[in-house]
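Pasting the structures here.
Same chain, two partners: chain A is paired with chain B first, then with chain C.
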Partner chain A sequence: MKAQSAGIRKTGAAAGALTGFLLLALVLPRFYLYLLSLILATGLLATSLNLVLGFGGMYQFHHSVFYGVGAYCLALILTRSGLPAWIGYLAAPLAASVLGLVMGLLTVRLSKLYFGMLQISLGSLVWAIVYRWYSFTGGDDGIHGIPVPELIGTSTGAYVFAVLVTAASLAVMYCIVSSPFGMTFAGIRDNPERCRAVGIDVTAHQLAGQVLAAFFAGVAGTLFVTVEGSVFPDMMFWTLSLEILIMCLLGGWFTFFGPMLGAAIIVMLRTVVGIYTEYWTLVLGLVLILLIFFLPEGVLGILQKGRQAGGKDAAGN
Partner chain B sequence: MDSGGITVAALMQQVLVGLSRTTILFIVSSGLSLVLGVLRIPNVAHGSLYMIGAFVTYSVASFFGQTTAGFIIALAVAPLVVAAVSLVLERGLLCHLYDREHLMLLLFTFAFTLVFGDLVKMIWGSDYRSLSAPAIVQGSFDLGGFPFPRYSLFLLVMGPLVALGLWLLTNKTKIGKIARAAAVDREMVDAIGIDVSKVFAAVFVIGCYLAGLGGALVAPTQNITQGMDHTIIIEAFLIVIIGGLGNIWGALLGAAIFGLTDAIGILIWPQFAIVFPYTAVVIVLLIRPRGLLKAIW
Partner chain C sequence: MLRVTDLEKSFDGFKAVAGANLHVAPSEVVAVIGPNGAGKTTLFHLITGQLAPDRGQILFKGEPIAGLAPHKVCRRGIGRSYQVVNVFDRLTVLDNVRIAVLAREGRTWNLLRPASGMCRDETVNILESAGLAGKAGRICATLSHGDRKVLEIAIALGSRPELLILDEPTAGMSPEETAATLKLMQRLSQEMGLTLLFCEHDMEMVFSIADRIMVMQQGRTIIQDTPEKVRADKRVREAYLGGGDTCSA
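Moving on to the complex of A and B:
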């Protein structure tokens, strides 16, 4: 009974938030809509990373390669093929998940740090090919002026599209983490040996996690193309992968919405700091140093902990 | 290139170029491996220290008008500057974080990559710099019809010297023995009354000194630019992993694989030369996931 009402409350809150975000499209000026769309794309990317990082406990060091592959897939279909745009939007996440499957097959059997390093080497291989293949991918220039469908080509259209896609993706990911699969996945994170002992196929779960995370990273990649109208190889360079790791850390990687919050903070901070100085990465570095020293559980992690502690106090009294 | 244009002489020349590249890669990644093996810190800032080493070398050598003496002074000073920076970093911040998990340490050192990157931009600007090799090792000699740069030969001499020095340090000195013991069982070393913290600081500084030395040695061979930190650190990490974590000889082997595949890739397919070493790494890791030689952990 109680759980049911909590479920209804959550659905209500989600519907309210969605309506609120959509209404913003009517009132906000173009720049803020653009900024919000960018936050949603980046936040979706960070949330998809957290699916395997926070919930799965896997050292996903090179997640941005799936984001980049999704974005390039859409960009290439839009610019170089006569296929209708919707095929591109469907193909991009699928291409990312195929890459996730292939890389996952090669990497999941390895333990933490080795897993991460092999992922970085495979990801760098993909990056190197994209970076060098001028005739196909545009090399280090990337592809610009991508013809996004008219309906979602305006800043308002792109924003509404980003809100709807992000909301749908978050809903699906939320269901995944609260499903039996998600619970098992988190169990593997906390104690892989015990999970193996009770008969759970650890490798299969981790592989599935890789494919799912790559899929949603690909979706985030299509949002980026829609919002920016361009792609470039830096999207799959390892530094971006570490930046989204920072977003997860900042927001709190044991929470569901933490990475989204972290992405919002980082993207806004970059925009604001960018107005005053060109030394944005210096600021980001300092933020990260302070974060690791004083707030290793992230903003939402601390809030949740505080609430739990508060709840316990109330119960004690 | 003409069809069948890869002559034996060209191949030999590329192998030598690859080996001199190996020297740089080995020096940098052996430092990284040392820190990773003993302190278990995946130090992403290692690449930044390499870049700082290169920029400081440029500045010091330019201060003396890019003479041979100036270059030698720069070669001595730049790694020491880097070592000093790393000492401050270790004693001031890193030593408080040893009990954190690898992911945190990785991100923490990445923070310094970001900070150092912008500091270098502030001090030296965004333009690239170039430094010519000192007169004594300038120019090239003839190698079966192909010119072989003297500086590359100089590097080929430096590599084994550093390897030997490192081997002596870890196997024949007290601090090296303590460091190796601490890598295996830190608590035990602590328990018999040795201040492990100081040993760790020393190892960290030595590792970073090697990053600075690599940067100093590479300075005359390429443009000194922003972004050279990002390239080298990935290469160094991959070398350390394929060689075997914490294994100095593994770093040498890994560097040779990386340097040679890169050099030969340039000969075979210049546009995608960059793909060759990464492919080699992937193949090695698929066959031997824990590296070619024995990893410390």
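Moving on to the complex of A and C:
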């Protein structure tokens, strides 16, 4: 009964938030719609990383490569193939998943740090191919002026599309982390040895987690193409992976909505600071230092802890 | 049920297990004793698949299991607890056990249904039998050492094992907690008919519960027999117990 009413409350809150975000399309000027769309795409990317990082305990150091592959897949289908756009939107996350599977098969048996290091190497290899293959990917110029379908080609259309796709993706990811698979994944994060001892095939679950995370990173890549109308190799450079890692840590990597909050803070900070200085990464470095010292569990992590402590006090009284 | 023959395992030339032999019959309670470094924990790691033996044979219900991955050994019916507390720190007590139940039922691949409603009754039953039902909602990291050691056993029970291996189940416990754990083990053996294999330094406990005792020294099995015969064995007295007083329980 209690769980049921909590479920109803959560669904109501989600529906309210979705309606609110959609209504913003009617009132916000173009720039803010663009900024919000970018936050949603980046937030979705960070949330997909957190699926394996915070909930799975896997040191996924080069997650942006899946984002980039998803975006490039859609961009290439839209600019070079003549196939209907919806095929591109479906193929992009699938291409990212296939890369996730291939990289996962090579890396998932390794211990935490070696897993992360090999992933950076393999991801950088993909980046190098995209960066150098001028005739196919446009090299360091990237691909611009991508013909996005008309309905979602305007800033309002792109924003509404971003809201709907992000909401659907978050809903599915929320179901995953609440499911037996998600609980098992959290168990693997805490104690893989114990998981094996109770009959869980840890490697298979980690591989599946990586494929799922890559899939949603690919979805985020399609949002970026829709919002920006362009792709470039920096999307899969390791510095972006580091940036989204910081988003997860900043927002709270043991919380579901933390990475989205972290993405909002970083994207807004980058936009605002970018007006005054080109040394944006200096500010990012400062944010990271402050984070390590004062918010090791992130903004939402601290809030959640405070709420739990408050609940305990109330129960104690 | 379990037969270990001439088992050997070396680490960088050091023979941690150098000819271990063990036999556990169904519904039996067998203790493995020996001084620190005798190879007891390594033997348990070898049986449960955490380590692969260099030589020797492990048969469980007549089938070889040596070198099998730990999750496959568990699925054959062997559950275990650890010497150093090995639980899921960020999860609740309830979910610690629920993971094991979900794994046994093969439901860990379910991606879209909430886990919170699944396997609740069985999980709560296990916690009740372990005396942890009142702490089901607590985050595991906030439990006392004694409760965490009991939770170790509860998690292992979630796999509904036929053979339960306990590595020093009362290590670091207070006398009251030790007595409660001993009672739990007796209940598991007598009421549920579970086969128990455990190692322990508390001789009083060993001699009060074990049907048979296997003694290890420097990786080798010296003897496996009834408590009376082990107590009377000259080699055991010389090698491990150091005289009559130590094993007078």
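Keep in mind that, in the parts below, the second predicted complex is superposed on the first by the 317 of 317 C-alpha atoms of A that agree within 3 Å, B and C clash if a C-alpha of one lies under 4 Å from a C-alpha of the other, contacts with A are read in each partner's own complex, and residues count from 1 in each chain.
Here is the rule we use: contacts are C-beta pairs under 8 Å (C-beta built on N, C-alpha and C of every residue); 3 or more make two chains touch, one makes a residue touch a chain.
Nothing here was measured: the structure is a model prediction, and the numbers come from that model.
Engineer: Which partner chains sit in contact with A:T154 here, chain B, chain C, both or neither? Use first/second/both/neither.
Structural biologist: It touches nothing on chain B or chain C.
Engineer: So in the superposed three-chain picture, is A:T19 touching just chain B, just chain C, both, or none of them (first/second/both/neither)?
Structural biologist: Once the two structures are laid over each other on A, A:T19 reaches no partner at all.
Engineer: Quick one: is A:C175 in contact with chain B, with chain C, with both, or with neither? Answer first, second, both or neither.
Structural biologist: The second partner, chain C, only.
Engineer: Where does A:R194 make contact in the superposed view: on chain B (first), on chain C (second), on both, or on neither?
Structural biologist: Only chain C is touched by A:R194; chain B is not.
Engineer: If you count the residues of chain A that each partner touches, which comes out higher, chain B or chain C?
Structural biologist: Residues of chain A touched, chain B against chain C: more for B.
Engineer: After the superposition on A, what does A:S81 contact: first (chain B), second (chain C), both or neither?
Structural biologist: In the superposed model, A:S81 contacts neither chain B nor chain C.
Engineer: Quick one: is A:T11 in contact with chain B, with chain C, with both, or with neither? Answer first, second, both or neither.
Structural biologist: neither
Engineer: I'd like to know which partner A:F254 touches here: chain B for first, chain C for second, both or neither.
Structural biologist: After superposing on A, A:F254 lies in contact with chain C but is clear of chain B.
Engineer: Which part of chain C faces chain A closely enough to touch in the complex?
Structural biologist: Counting only chain C, the residues touching chain A are 48-50, 69-71, 74-75, 79-80, 82, 86-91, 95, 98-100, 102-104, 107-118, 155-156, 158-159.
Engineer: Would you pull the chain A residues touching chain C in the complex into a rising list?
Structural biologist: It is residues 3, 172, 175-176, 178-184, 186-187, 189-191, 193-202, 205, 208, 254 of chain A that touch chain C.
Engineer: Spell out the part of chain A that touches chain B in their complex, as residue ranges.
Structural biologist: Residues 59, 61, 106, 109-110, 112-114, 117-118, 120-122, 124-125, 128-129, 131-134, 237-239, 242, 245-246, 249, 279-282, 284-286, 288-289, 292-293, 296 of chain A touch chain B in their complex.
Engineer: Which bits of chain B are touching chain A when the two form their complex?
Structural biologist: Contact set of chain B toward chain A: 42, 44, 93, 96-97, 100, 102-104, 106-108, 110-115, 117-119, 121-122, 230, 234, 237-238, 241, 271-272, 274-275, 278-279, 281-282, 285-286, 289-290.
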